[in-house]
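First chain A sits with chain B, and in the next complex the same chain sits with chain C.
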Partner chain A sequence: MTVPLRLGAGFVLALIYGFILLPLVVVIASSLTAGELMQFPPQGLSLRWFARFFADEALMQALVLSLRVAAVTTVAVTVIGTMAALAHRALSGWARQWLRTGLLLPLLLPELLTSIGLLFFLYRIGLGKTLIGLQIAHAVVTLPFAFVSIAAALDQLDPALEDASNSLGASGWDTFRHIVLPLVRGGIVTGALFAFVTSFDMFTVSFLLKPIGGNTLPLALFDYLSYDYDPTAAAAAAVSVVLAIAGVVVIEKLVGLRNL
Partner chain B sequence: MSAADASAARPAQEGARVPSGRPLTPSLSRKGRGRLRAGPWLLATPAIVLLVLFLGAPYVDMVVMSLRTAGHGTPYGTGFTLHHYAEALGNPVYLGALGRSLMLGAIVTAGCLLLSYPIALHLAKAGRSHLFFYAIVISPLLVGVLVRNFGWLIILSVSGPLNQVLRGLGLIDMPLRLLFTQGAVALGLIHVFVPFMVLPIAGALRKIPPDLAEASDALGAGRWFGFWHVTLPLSFPGIQAGTILVFVLSVSAYVTPALLGGQGRTFLSILTVQELLGSFAWPLGATLALVMAAAMGLVVLGFLAATRRLAERTAR
Partner chain C sequence: MTEVRIAGLRKSFGGQPALVDVALEAAPGEMITLLGPSGCGKTTTLRCVAGFLAPDGGDILVDGRSILDVPLRRRDFGVVFQNYALFPHMTVTQNVAYGLRVRRIGAAEIASRVAASLAEVGLTGLGDRLPRTLSGGQQQRVALARALVIHPRLLLLDEPLANLDAQLRQEMRALIRAVQRRQGITAFYVTHDQAEAMASSDRVAVMERGRVAQFATPREIYQRPVSRYVAAFTGEASALAVTLRAAHAPDRYTVGLGDAQMEVPGAAGLSPGSRHFLMVRPQAVTFGPSGIPATVREVAFFGATQQGEVELAGQALRFVTDPNERVVAGETVHVTLDPAHAWLMPEAAA
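Coming up: the complex of A and B.
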C-alpha cells in the first residue's frame, strides 16, 4: 500500500474506534467533575458524585436489586445452559440443529416483543408485576448467552478424553466432574459473565415487567435521566462501565477474546 | 431466521478455531457415546420447559391478546374482535410511526454497515495486537444501552462538547438543537449496533483463505479489483446476517428513541409501549407489536429474496 493510502486508512479506523469509545469516555469523565452540573469537559476532578451515588438510598436499593436479580439469573442459566449444551453435544442431525435454534431464539427475537408477550402471559398466570416474574424473564433472555459460550467450549473438547475416562470405568457423572468440567471451565465462566452483565444492564424487559416497588439500576437511571439530570447518574453509569471492563479483562485472562 | 443465520449472527462462537489445528469432531462419532448416563433430552428438559412456557406461550398469548376486545377499567375485555387490526392498519398515526420506524431501521443498518466493514477488515487480520481492538469493539456490548445513550445525551446537549467544538471552529454562531431529534436517535442506534455488525462480518472475513487474496494478486488483479471481486463477495454471508440482525433490533428498539428522540412524530415502538403501559390498552398494544413484527418480517424476507443469488454464490 502506498504511504498516503495507509495513513488515510489508519485515520479512518482511528475515527471509527474513537466513535465507539467516545460516549463511554464522556460518561466516565463527566462523573469525575467537581462542578454542580453535568458537563464535558469536567470542571475540576473529584469523586463527590460517586459519594453521592453510594449515599443515595433509592439508587442503592436499585443497585442491590439489580445485583440480586443478575446473580440468581446467572446461577440459573449457567446450570440450565450447561445441561442444554451437554445435550447439544450428545445429539446429532436435525435434533441438534433444532435444539440450537430453539435456544438461540430469545437472542434473535426482539427484546421488546418478548417483553410484551411476557407482560400478558405473566399477568394471566398471576405473576404479573412480581419479582419472580421478572426473574424468569431475565433467565429466558440471558439463556442463549450461557448456552452459546458453553456449547462452543464443548465443541473444542476432544471426545477421546471422555472415551478414555468411560472405558476406564468412570461413571458419566465422574467423567463430567473430573474431565469435562475442568476443560470447559473457561467457556462456562464466559457464559456466566455474559449472562450476568446482560441481566445487570437489561432495560426493556425490566421496564415492561417492573415489579411493584422494585426498581433495577437501569430503571432508576432511566428515571434519573428523564427527570433529574445531575452527575450522580454519570457516577452510576461509570460504575457499570468499570464492571464491564473488569468483565472483559476476566474473559480475556480465561479464554481470550478472539475465541469468543 | 434459519439456524444458519442464527449461528452466523454470533460468529464469535462459530468462528472459533481449534487452536492446535486439530480437526473438529466428525459428527458421526458423536453417536452412541454415553457421556452422562441421563439421556440428552433429559438434560435439555429444563431449558426446553423454560422456553416453551415462558417464550412460546407468551408469543401465543400476544396473538390471542390482539384479538380481544378493549376492556373497561381492565387491560382487556372478554370478547374477541378484529377491530384493533383495522385500527392499526387504518390509522395514519400508527402507519406514519411504522413508516418512520422502518426508515430508521434502514438508515441505522446502512450507517452500521459503513462503519463496521473497515473495522471488520482490520480485525480479521491476524496478530496479537488486535486483541486490544477486539476489546474496543466488544466492551460497549458489556455496557448497557442506557449508559451509551447517556454519553450521547451529554455530547449532543446544547452546551455539550459537540456544539462547543462547532462554535470553536466558527462553523455555527448559535448552538444547534441536536438532541431529541430523529437524527440523534439514528446516531445513538448506530453506535449501539456497530458491534452486532462487526462481529458477523469479521467472522465471515476470517473464513476466507488467505491464498485467495494471494492468487488474485499473483494473477495481476489490482488491490481494488481483488477487494471488489474476491473479499467483498466472500464476506457476504456475514454482511447478510449483520444486516438482518441490526435492522430488526433497530426497528424494535425502545430505549434509545425514548431517551434521544423528541416528543411529536415518534416511532412505533414508543407508541406501542404507550398503549400498553400508559393507556392499559393491551389488545391494541399487542396488535401494534404484531404489525411491527410482520412488517419487519416482510422486509427481511424481501431482503433475503433480493440477495439470494449473491448468498448462494458465496456461502459455500
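Coming up: the complex of A and C.
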C-alpha cells in the first residue's frame, strides 16, 4: 500500500472509531460532572451522581432485574441456540430453510409486532405481566443473534473432522464435546455476548411485557428522565457500559475469546 | 486379518446413480486399490464401507457378517482422508491418542501405543506440535498413525497422497505399503493415479461410472484389459482397429492390420470375421529395416526415453524407443509389434 492510501485508511478507521466511541466518551464524561446539569464538557469532577445512582432504590432494583433477566436469557439462549444451530447443520433441503427462517423471524419482524404478539400469547397462557413472561420474551427476541453467530461458526467446521472422530470410535457426545465445541467456541461466545447485550438494553419488548411492579434499567431510566434531567442518568449509563465490559471479561474467563 | 466382500452395492444421490452395481472382495491382508476418473464412484464406495453413507442396496460383508447395521463408531475401521482431517486444536499426540481416549483406555497404555504408532510413521519427537505447524507429508503421517493406533480391522484411504508433491508421494506410498504389510491389515485405497495403483496394490478395481469395469492384479489389468477404457486408464495405449482372421488356441488369434498379418494374444472366445481393437502398449513398437510402413507424426525427447506417435494404416500408434535411436518426424519407418505387449480386446470396433 502506498503512503497516502495508508493514511487514508487510517483516517477512515479513526473516523469510524470516533463515531462509535464519541457518545460513550460524552456520556461518561458528563456523568463525572460536579454540576447540577447533564452537560458536556463536565463542570468540575465528582462522583456524586454515581453515589446518587447507587442510592436510588428504584434504579437499583431495575439494575438487578436487568442483570438477572440478561443472565438467564444468555444461558438459555446460548444452549437453545447451539442446539438449534446443530439441528440446522444436520438438516438439508427445505426443512433446513424453514428452520432458519423461523428462527430468524423475530429479527425480521418489527419489534413492536413481536411484542404485541407475545403480549397476546403470554396472557393467553396465563403468563402476562409476569417475570417468566418477560424472560420468555427476551429469549425469543435474542435467540436469532445467538443462532446466527453459532450457525456461522458451524459452517466453518470441516465435516470431515466429525467423520474422522466418529470413525475413530467416538460417540455423538464425545464428538460434540471434544471436536465440535472447542472449534466453534468463538461463535458460541459471540452469540452469548450478543444475547446478553441485546437483552440488557432491550426497550420496546420490556416496555410492553414488564412484570407488575418490576422495571428493567432502560425502562427505569426512561421514567427517571421524564421527571429529572440530572446526571444520574449518565451515571447509570456509565455503569451499564462498565457492566457490559465486565460481562465480556467474565465470559472470556469462563470460555475464552482467544479463538474469536 | 480381515476378509471383505462387497456385493451389488448401489447408491444414488437425488435420483442420480453414483454406484450402480459394485462388487469387490479383499482377502485377509490384501491391499485393494480403487482406480478411476473423477466422479466414477470411488469415494462413494469407500464412504459406504466406512459407514459415512448408507448404500441403497447390496451388502458389505466383513469376515462373513454384514456390517450395514453396525454403527460407524463400532466398525473399528481406520480412515485416512485426502485433506488429512486432523483435529486443528489438538497436538500430534492428542490427535493420535483420540481414538484410544474415546475408548476409555488407560493413560499408560495410550502413551505407549501412541509412541509406538508415531515411531512407526517416523514422527517421534514431533508429538507436541500442532497440525498447522507440520508439512503436508508430516500431517499425512499423523493421519496414518491416528488411523493405525486403534488397531483397525480395515484401513480405508481416500486419495491420501493427492495433496503431496511427486517426490513425497513416492515416499509416503512406500511407507503406507510397508506398514500395511507389516501389520497385515486389509486395506482399500482410492486413487486416480495409475502408477500409484500399480505399484502398491495386490489387486486393482478399475471403476467406470458406478461400476467395476475390471477387478484383477495390476499385471492382469495392464496386460489384459477387458476394454479400451481400462487400457487407457492403466497407462499409455493405442487401440488399433483390426480384422480378426482366425483363432488358433482359445486365446491366440491372427489379425489383419492394413496389408499385414500378425499373431497376437487376446481375450478368450472372440469370433473371427469381425473387427476388434488391438491394444498396443508403446513399448511393443520397434522400428527396423522391415515391417509395416508408417509415417512419424511427432517425437519428443524425455531423457531416459524418446516417445511419439506414428501413423500406421491410417491409425495413430504411440511408441517409446531408446533416446539415441534416430527417429525424425515426417519420415517413413518400418514398424514391428511385439505381441507380448499387445492384447486383442473383446470390445468390438464400431
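Remarks
Keep this in mind: the second predicted complex is superposed on the first by the 218 of 260 C-alpha atoms of A that agree within 3 Å, B and C clash if a C-alpha of one lies under 4 Å from a C-alpha of the other, contacts with A are read in each partner's own complex, and residues count from 1 in each chain.
Basically, contacts are C-beta pairs under 8 Å (C-beta built on N, C-alpha and C of every residue); 3 or more make two chains touch, one makes a residue touch a chain.
None of these values were measured; they are calculated from a predicted model.
With both structures placed on the common chain, the touch criterion links A:161 to chain C but leaves chain B unconnected. Judged by the touch definition given at the top, the superposed model places A:183 against chain C, while chain B stays out of reach. Contacts of A:8 after superposition on the shared chain: neither chain B nor chain C is touched. By the touch criterion stated above, A:119 is placed in contact with chain B alone, chain C being left untouched.
In the superposed pair of complexes, A:221 makes contact with chain B only, with no contact to chain C. Within the superposed three-chain model, A:171 lies in touch with chain B and with chain C [touch as defined at top].
By the touch criterion defined above, A:19 lies against chain B but remains apart from chain C after alignment on the C-alpha atoms of chain A. Across the two superposed structures, the residue set of chain A contacted by chain B and also by chain C is 158, 163, 166, 171, 259. Across the interface of their complex, chain A is touched by residues 1-3, 6-7, 9-10, 12-14, 16-19, 22, 24-25, 27-31, 33-44, 46-48, 50-51, 54-55, 57-59, 61-62, 65, 75, 115, 118-119, 122, 130-131, 133-140, 142-155, 159-161, 191, 194-195, 223, 245, 248-249, 251-255, 258-259, 269, 272-273, 276-277, 282, 285-286, 289, 292-293, 296 of chain B.
Only residues 1, 9, 12-13, 16-17, 19-27, 30, 38-41, 79-81, 83-84, 86-93, 97-114, 116-124, 136-137, 139-140, 143, 147-149, 151-152, 155-156, 158-159, 162-163, 166, 171-173, 175-176, 180, 194, 197, 200-204, 207-208, 218, 221-222, 225-226, 233-234, 237, 240-241, 244-245, 247-248, 252, 256-260 of chain A touch chain B when the two sit together in their complex. The part of chain A that touches chain C in the complex is made up of residues 158, 160-161, 163-171, 174, 178-179, 182-183, 259. Contact residues on chain C toward chain A in their complex (touch as defined above): 50-52, 72-79, 81, 83, 85-89, 98-99, 102-103, 146-147, 150.
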